[in-house]
Amino acid sequence: MIPSLLLIPAAAGVLAYFVRRAGPRRALLVLAAVAHAGMTVATWVVEPAPAWGGWLALDALGRLFLTITSALFLAAALYGVAYLREEGHGERKDVDEGFLFDNAPEATFTACLLLFLAAMTLVTVSQGFGLLWVAVEATTLASAPLIYFHRHHRSLEATWKYLLICSVGIALALLGNFFLAVAASDHGGTSVRLVLPDLIAGAGGLRIVWLKAAFLLFLVGYGTKMGLAPLHTWLPDAHSEAPSVVSALLSGALLNCALLGIVRVQQVCAAAGQAAFGQGLLVGFGLLSMAVAAVFILGQADYKRMLAYSSVEHMGILTLGIGLGGAGTFGGMLHAVNHSFTKAMMFLVAGNILTRYRSKSTDEVRGVLRVVPASGILWTIGLFAITGSPPFGPFLSEFTILKAALDQGRAGVAITYLILLAVIFVGMATAILGMAQGVPRDARMAARAREPLLRVVPAAALAAVVLLLGVYIPPVVRTALEDAARALG
Amino acid sequence: MSGGSVMPLLLALGLAPLLLGVIIRTKAVMAGRVGQPLLQPYHDLRKLMMKGAVYSRTTSWVFRAGPVVGLAAVVVAAALVPFGAPALVSFPGDLLLFVYLLALARFFTVIAALDTGSSFEGMGASREVTFSALAEPALLLGLATIARTTGSLSLSAMLPHVTGAVWAHGAPPLALVAIALLVVFLAENGRIPVDDPATHLELTMIHEVMMLDHGGPDLAFILYGAALKLWLFGALLIGLALPLHSGHLWLDAGARALGMLLLAVLTGLVESCMARLRLVAVPKLLVGAGVLSVLALLLVLRSSP
Amino acid sequence: MSGWADTVLICIVLTSFVLLGSSRLGACIRVVALQGVLLGFLTLAGRQDASSLRAPILALVSTGLKGVVFPWLLFRALRDADVRREVEPFVGYSLSLLIGTAFLAGSLWLAGRLPLPNPTMSPLVVPVALFTMLVGLFLIVSRRKALTQVLGYLVLENAIYAFGVGLVEGTPMVVELGVLLDLFVAVFVMGIAVFHINREFDHIDADQLRTLRDWAG
């Protein structure tokens, strides 16, 4: 089952590149997404066997992240069909600066989307660290052309920064891989395989100095990809210049994949009894990310950029949770799930707003509730979800993290956390509510616009999931999260 | 202060101008000409000694002292360098004295040039001093590497101990030092690619410009001092690169003299085949040589903690 | 075997210094290719099992990729970009060389502090790899053109590869080939990006890519 999980999107991607007509190609995209989602659901029912001698296997955590990726991709694929139908071709005028630009060929876009899915799937099923590295780098390379869909200088700049910074970071993670191999090597020459179960089993014999150095490099390397401050500089540009479909996937699925890299090495550290070493670092990075995000969200003029900084913030929150350990880890992992769905929904809705208003500015967009009511409602719901208000999912996870901090007696951490959350709430609420209410500045836009079903339904479905998670966590999900938390110490 | 043989000094004093002649002859042959006789530099020196000197009224005693002190310093430095046999004067630390005697010679040449008050000399002096400042680390660190490898601080003890076994044991650092010393050799003696000794354009002169105002015996002293400096740097390089120690005085000295001639031919070839580097590229070359010396020193320090 | 490995490692150090001081883009690309070839030699010099084909195959593939394919891709990008073939650094060449010397001293010192497991190849592997890594990062930060940033990234990858070759023997071949494949695709994609940057901006100065920014000015 695992090989087919990988091969279906990969083959579909290659095929999509060669399909000439747009209709069949979009159908292929949706078909592949549905097939992938179907197989993912199947893995919850039937435990898939490890493939390739143990290098590919789906443990609880991997399955969880795979599900998130698959669900988001399905939503994005459906939304993407409508998006490409409206915006896919022809010359268009840039919203900010008014020049004319072109879009990338749709075949490249579709092909890269599917290959991106294949790469992310590989990340979730990799048990070997080397393979994990190859997969993460592959996601960077597959997503770079996606960011450069709108062919103009800003997106090119964003793509270049993304490509270079993430590749350098991931190269450091490769060094971490080698350090881990040195940590696992024995005096007699026989070394432990760099596969997660083997490493956890043989954790007692690992050389601690090299393990710690490896953890540091993994944290810096995969942290760059994840968007932890101060390594996050590529994130606002890439997530705001990419088309909304891509931003949703980047924020929702890709950041989680990078997180998976860090989580895997933390699992090994925990098994070797070194969990505490990483936790302090994680707490520090987490709070720093939240602080940086808070500074840049206040008064942010571009709403897609604001959403990008919010991703930085939430990555910070979840790193903080993992760093706190115990119940905090449970909260962090739950937050990963919640944030993915919420952020993806917000980006899809932002895409609708951008299409309608042709402006990325928080000041210019007004009266979303009047002009595109469905999107407006989702936009407001999204605000409350993403800033952690009940009854939505993020509230539960953020509260769990807070509780963990208080239980451990870390009052300073808890207070900083609350202050930063409050600041971000204020910043985002001013912007989003300002956009949602009122009357559009341009009177010609006041008429209610047509909202294609395919552009609203995926986002609504994601919002429903977020609401559900806020009220009731399915037992399977809960068990998976608890397993993950336990494995991390 | 161990007494050595007087032969290195005599060989240096006698054969230095021949080196110049070989370089000039090689360049001529490469250019397709017959060229001047090999012993021409000796004749030139003799001719200059027989001439009278004219001194400008703007100069002072510094101008007259410059060539003399310069030559004296280089001759004393020649007493420190071994060549097939231990040098006449040797003591631990004499490599520093060697470097600084050459620096003294350069200093007096430079201030004699500045003493004339002409702007061309000033320009040449500033260039000369800059390049020497950049070449000095390369030289000193290269010598330090050899000192560390052979375990002694005296030139006469260092260079003869660079035997074939030493080369086989630690070839990379010594090779790097040899390259660095070659660059220093070319730089300190004003050879292409650092400076063109045959140029007539004042704007491109570095070394030549400081000899512009000297005449007669002073010029002879300067030319002879330059030839001696060429010989001394070459002796350092050959001492490093040629690990032949048979124990027989004449055999060693003869082999080294042959090596010097080969070095002169090599210099002539380099001068014929390369153009002078742009002035702004010369610091890069010298810093590169310095870096090579540093690398060699670090390697040697690392392998012998 | 240690003698060979030492010489190759010192040559790698020399290539890094040449990269720091070189002002011509074409020369830089060739030097990085040479570094890749030297690494191929290192793979051969460091193999433990003389009979297995793993090391020669890897050496061949990596040498072919780094010595032939990457320069070809980069030269094509350079030619299509048609810019002045000069490196244009932020930090001058002589200063770069001096900083490189400081990096070298620092890596030698740091490597002395790291407890090496069984030294498989040569005690110089760790300092040389560290030094080359620092040089790669320095090149990315201190050079203006996007192409030199790609070269810096390649040097960084070379350094990490040297670490892998020097310290680790147990990585399966598939993973190593996967790494090389990733590297190839990365260079390919970056080459295309450079081409687009030039088409868009008429230059390939990465420091001019400053439109997207939150700090004013």
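A, B and C are the chain letters, set down in written order, and residue numbers restart from 1 in every chain.
Heads up, the rule we're going with is that a residue touches a chain if its C-beta (ideal position, glycine included) is under 8 Å from a C-beta of that chain, and two chains touch if they have at least 3 such contacts.
None of these values were measured; they are calculated from a predicted model.
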item	value
Where chain B and chain C overlap in contact partners, by chain label	none
Taking each chain's C-alpha mean as its centre, the one farthest from chain A	B
Where chain B and chain C are represented by their mean Cα positions, the distance between them in whole Å	38
Geometric centre distance via CA averages, chain B-chain A, whole Å	66
Where chain A and chain C are represented by their mean Cα positions, the distance between them in whole Å	30
List of chain B residues in touch with chain C within their complex	171-172, 176, 283-284, 287-288, 290-292, 294-295, 298-299, 302
Chain C - residues contacting chain B, complex	6-7, 10, 13-14, 17, 21, 93-94, 97-98, 100-101, 104-105, 108, 112, 123, 127
Chain C - residues contacting chain A, complex	114-115, 117-118, 133, 137, 140, 146, 149, 153, 156-157, 160, 163-164, 167-172, 175-176, 178-179, 181-182, 185-186, 189-190, 193, 196-197, 200-201, 206, 209-212, 214
Of chain A, residues touching chain C in the complex	128, 130-131, 133-134, 137-138, 140-141, 144-145, 148, 151-154, 156-161, 163-164, 167-168, 171, 174-175, 178, 181-182, 185, 187, 189, 191, 193-194, 207, 209, 236-237, 240-241, 296, 300, 305
